[in-house]
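My questions will all concern the structure given below.
A, B, C, D, E and F are the chain letters, set down in written order, and residue numbers restart from 1 in every chain.
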Amino acid sequence: DFLNALQEIVPAFGASTDDLERCRVNGMVECGNRHEHIYKRAMLLVEQVKVSRGSPLVTCLLEGPSGSGKSAMAATIGIDSDFPYVKIVSAESMIGLSESSKCARIVKVFEDAYKSQLSIIILDDIERLLEYVAIGPRFSNIISQTLMVLLKRLPPKGKNIMVIGTTSEVGFLDSVGIRDAFSVTYHVPTLKTEDAKKVLQLLNVFSEDDIDAAAEALNDMPIKKLYVLIEMAAQGERGGGAEAIYLGKEKIKISHFYDCLQDIVRFY
Amino acid sequence: DFLNALQEIVPAFGASTDDLERCRVNGMVECGNRHEHIYKRAMLLVEQVKVSRGSPLVTCLLEGPSGSGKSAMAATIGIDSDFPYVKIVSAESMIGLSESSKCARIVKVFEDAYKSQLSIIILDDIERLLEYVAIGPRFSNIISQTLMVLLKRLPPKGKNIMVIGTTSEVGFLDSVGIRDAFSVTYHVPTLKTEDAKKVLQLLNVFSEDDIDAAAEALNDMPIKKLYVLIEMAAQGERGGGAEAIYLGKEKIKISHFYDCLQDIVRFY
Amino acid sequence: DFLNALQEIVPAFGASTDDLERCRVNGMVECGNRHEHIYKRAMLLVEQVKVSRGSPLVTCLLEGPSGSGKSAMAATIGIDSDFPYVKIVSAESMIGLSESSKCARIVKVFEDAYKSQLSIIILDDIERLLEYVAIGPRFSNIISQTLMVLLKRLPPKGKNIMVIGTTSEVGFLDSVGIRDAFSVTYHVPTLKTEDAKKVLQLLNVFSEDDIDAAAEALNDMPIKKLYVLIEMAAQGERGGGAEAIYLGKEKIKISHFYDCLQDIVRFY
Amino acid sequence: DFLNALQEIVPAFGASTDDLERCRVNGMVECGNRHEHIYKRAMLLVEQVKVSRGSPLVTCLLEGPSGSGKSAMAATIGIDSDFPYVKIVSAESMIGLSESSKCARIVKVFEDAYKSQLSIIILDDIERLLEYVAIGPRFSNIISQTLMVLLKRLPPKGKNIMVIGTTSEVGFLDSVGIRDAFSVTYHVPTLKTEDAKKVLQLLNVFSEDDIDAAAEALNDMPIKKLYVLIEMAAQGERGGGAEAIYLGKEKIKISHFYDCLQDIVRFY
Amino acid sequence: DFLNALQEIVPAFGASTDDLERCRVNGMVECGNRHEHIYKRAMLLVEQVKVSRGSPLVTCLLEGPSGSGKSAMAATIGIDSDFPYVKIVSAESMIGLSESSKCARIVKVFEDAYKSQLSIIILDDIERLLEYVAIGPRFSNIISQTLMVLLKRLPPKGKNIMVIGTTSEVGFLDSVGIRDAFSVTYHVPTLKTEDAKKVLQLLNVFSEDDIDAAAEALNDMPIKKLYVLIEMAAQGERGGGAEAIYLGKEKIKISHFYDCLQDIVRFY
Amino acid sequence: DFLNALQEIVPAFGASTDDLERCRVNGMVECGNRHEHIYKRAMLLVEQVKVSRGSPLVTCLLEGPSGSGKSAMAATIGIDSDFPYVKIVSAESMIGLSESSKCARIVKVFEDAYKSQLSIIILDDIERLLEYVAIGPRFSNIISQTLMVLLKRLPPKGKNIMVIGTTSEVGFLDSVGIRDAFSVTYHVPTLKTEDAKKVLQLLNVFSEDDIDAAAEALNDMPIKKLYVLIEMAAQGERGGGAEAIYLGKEKIKISHFYDCLQDIVRFY
């Protein structure tokens, strides 16, 4: 029976690794102290789950502005945990499903986890799982009730689970009571100038003279926007310039970089 | 026929004990005078149900902040009552069911109870049974109507029932009229410094010098959070320290304890 | 045909008597002048229905706070009327039914009544029949429309009907227009000190010295709460005292009575 | 074909007369000048429908407080018209039907009418047809749309129709636009003292000395309440007095009459 | 194929003419300059559709108070256009249909039109098509979305379409965005005194002396109300007078005319 | 397999070109600097998609007032990209479909795109895709959730996609969070006087003397309204004048042009 159970789990895990890697297609670079601090604390929780006696269920929420790197961080923790069962639950793989089918899938992931001794479940973009929209506001109460119960339900004896949630709508999660259902919450921030500078140095697309100005302009930018912006700027004003830049042969013109920045922040 | 009826009840009871024990996985420690007072009064009600003539239905609500020990208290009362039929109704075992299926299950529990001479029914986390969410607010009116009728309906002659409800949303229960349907309501509080200190002494994870400071910091903390916090702190700053602490070989460092406390109360 | 019709009615009536008696399990004691006045006026209406020519449909609403004795009064009127068809419609017997099934049942009761020369229909706890909840507010409009039509529809020639409604949400009934559909409304009040005293004297559970103080404390209490309270107090501080009290061997200690009173009124 | 059509209509009419008479079970007495004026104007419209060329559809709304005699007036107009097709559409005969079934029935009544040369359709208690309730407010939009279209749709050439609506919620009809769909609106009022006096004289249940005082007390009373009140008062204080009063052997005691009046107006 | 398509269209057109004529059962009289101006501009748009190159879809909204002659005007434009496909879409012919069936019918009318080289589609009483009611407000969003798309969708190459909408709820159409979907909007007004006078002269039902006073009283009256009023007044105070008036043998008494006017405007 | 996949795509593409061309039936003229600037930046993004490594998904929103040329611009970018898969998703082709069918179609378009190496998907008139209406407001949350997920979901490795959205309700898109899901947003404006003048010169329908006055009057007009207006004015006051104008034989009378302008802006 154990073998059977394992078989059920293995493919789920196999498929899942891919999903985890998709959350960090560009690899991971250092994003500053605050990101690192969160990673370390979360890894301590992973440790705690492993050796736990009294608390077989540890729950942790990563919240922060859109594109600040929450999903990538959660995926990294999952991968680095080396737990036999790591699964990401995301709206991407449930497009078009009815609320109750989504519920069923989420429950299934938890019940699969109950068969493994150590598991991590990532609830990615919880507001999207809940089909949240600010107007109304509207969201799926069926799914929200399910999550609240699952976040409190203890796994069977001998099984330990860590649940990591991510969200950029922590206010909403608060008002439905889901945030409270997590034991710990960490705020994943945008980049500060010094963080942005480190990333830019790694990417090596600016000349020494421009890098400080560029980093300054990127203050308070989420990591995702930084990548989009650099890629736009690398094209150059007339296109076709990216190859040279990425090969390190040329640098991004700071004036064009400013133009692109404008396009991206225009109406904010 | 009586034997038949009994058979129906026995397994329900058998299964149920397990459920009751799951509400107090860490055992029960003394949580201070106020918790004790409630326990005693509730046991008097149990007594009253046993010898009752005129009031075959006694209803009692335990309300208080999330994690303050309501479910554990209710389960303990159920276990200590020694009644032949003790059943906990909780959202955990009804995930994904439709509103009307949930209703049917709840009604079934009451009708099973009507067959036993003495019964206790625990309606655990009533707001979750009602699928309550503060936004809107939304909740299942079908289930709320069912509860209101069941909380008023007398059992058949010769059968006596006690119903214990728990909730951390007493304001909501008030506004739908369910709180009023209970004869008695008790407030299960968070821990005061002196309560926390007693618990810490039992756990024996702080050095004598630190225990007062730790208890002070835990003032107004629900018992659940206290347990989570201790387990986190026991890991130590670099993980792996828990074993030594639980074996009593080492003590939790008070500074690390403060750090963990911060993680937990951060955004509150 | 008449025999057939009668057969249909008799069992309905048979079943119903039981239901009526369940509304006054503790028997009926005198609750003061105001209760008595309402009883007398209602019995006059019963008389009127019997001899009526022009108004074959008489409707009367009993409203008042929760537990003030409305259902018991309505049942008593039904029993004392000696009408061949007396039927109570209550949410208790319709738990879990859909709105339209409830409607059908209510209509059936009226249509059965149309076959009897003299009938009383008790619509007990109308807000519960309507699945009313204050939040929203929500209620079943299908059922409310049905009631409004039935409360106005004349029975066939030669058949006379009295409809007695009870409610503790008269404000709600007013706002949906159901209160207006009743010809007469009576307010069933809580007990005043002197009313409570009479009841206590009958129960004979206090010593002569304490009875005035107890009655004073019970001012403005609904009869239902009074019974709950006495039963709690009769247990004594350590339980097990009820037997002696009911046998008249001992009296309730007034200090313990005050304690119990606190439990019951705590958060009101 | 004409014969066929006629057959369809005749039974409908046969059934209908009965319905019309049920609206005035107590016969019709004179209710004062204002009622008479409305009756005359409405009969002029009946006349107009008969000889009309340009306006084959005449619509008229009777609005006024509950029980003021609107339905009785509409029924009387229908009966006095001597039209071959007179039909009353009321919620009484559609209890428990779905919105769309109700719609279908209403449409059917109009389509039957289109087969007759002269028809009157009474839409009785339009707010009840619309399942209106003030909370929300809620009502059936399907039915309200249907009525609005039917009240504007011309009958086939050579067919003339009069539609009479009644309502005690003219404000609501106004806000949904149904009142506007009627060409003419008449307000059917409560009784003034002098109107009430005339009715009391006809009923002959007061002594000459009391009749003015009684009429005075009945100022602003709808005719329906007057009847209920007289029947209550006729019972006497101890019941059983009605027979003597109706036979003219005794008169109603004015003091008891005042008591009954209190019961009826108590909470208004 | 062309012949086939034509066959489909011809019956549609045949049926349609009748519908158009029903919108002006009393024929058309001159209603003053403002009505005439709108007619002329609309006929210019008809012309434009015929010869258009760049704009194969012309849309025009007629809005104005209830009964001001919008539908009659739209029908007249449709008839005078001499286009092979002229179709009126009205709620009258869709009573009781579901929202989606109504949608399908509307779409069908447009798709039939796409087969004809020149078409006019009249969307009569758009608020009724949308099942609009001011309370809420409520309306069919499915139908409103369909209309918005259809009012923007270009017909196939070589086909030209004019869409004429009518409404007396232009504010509502504005707020859902349908008014914006029309290129041009014309306001169809009530009659001014001088407009009313011209109509009265044509009808010839007043004596020379009264006609000015009558016209004065009719200032700001929609044409529909004027017709209703004249027909009422023509009956005379005791009925039966209409024949003589229409034959020109007698005139309407101005005092009776004023009385009728009161009935019609009473509560406005 | 690749061939198979290609086959699936080719017809989609074939059908699509037609759809794209329908968005610019009148061809494209120069609309001023601001339009041109947006076109150039968007073409840079097209370029970026082609050579991208790190960002296989580029999203861009064109927003602006109704009729300002957003769809035409998006279609032009799609055509000029020369990508093998260019598809426009518009409400026109989904009239009458249920929300979930619409979802399925949209998902299908993305999944087809995932099979092509380079794709452009145009989400035209997103508020219409979402069935948005300002009253309420109402919209399809199923579709909005689907779009939000699709706008974030990365295509499979090696496949690059550009998504262009258009909307005239950017405020609404903002409030549901869809605007945020686009990396870049451009505002497509109405014409300024100088832009309008250029267009008028190309159309050559005014005399030299009038062109400045006409352009002045057209300040702040969307391009779509300009075309409607010119076509109306070209008819002349009595119709039939368009031919001569388009052939260049005559010019539009400025006074008539002003009249038409009035019809179009009347109630704004």
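Here are a few things to note about the model shown:
The criterion applied here is as follows: a residue touches a chain if its C-beta (ideal position, glycine included) is under 8 Å from a C-beta of that chain, and two chains touch if they have at least 3 such contacts.
All values reported here derive from a predicted model rather than from experimental measurement.
Taking the definition of touch as given, a chain qualifies here only if it contacts subunit D and subunit F alike; those chains are E.
The pairing of subunit E with subunit F is characterised as different-residue: of all residue numbers used at this interface, under half are used by both copies.
Taking the mean of the C-alpha atoms as each chain's centre, subunit D and subunit E sit 34 Å apart. Here the CA centre of subunit C is 68 Å from the CA centre of subunit F. Each chain gets one centre point, the mean of its Cα atoms, and the points for subunit B and subunit F are 59 Å apart. Chain contacts: subunit D has no residue touching two or more partner chains.
Chain-to-chain contact here is organised cyclically: the chains close a single ring, every chain touching exactly two others. Going from subunit E to subunit F and on round the loop of contacts, you meet the chains as E, F, A, B, C, D. Within the complex formed with subunit E, the residues of subunit F that make contact are 22, 25-26, 66, 91-92, 95-96, 128, 131, 133-135, 138, 225, 227-228, 231-232, 235, 239-240, 242-243, 246, 263-264, 266-267.
Every residue of subunit E that touches subunit F in the complex is listed here, in rising order: 41, 43-45, 47-48, 51-55, 100, 103-104, 107, 137, 139, 141-142, 144-146, 148-150, 152-154, 170, 175-177, 180, 183-187.
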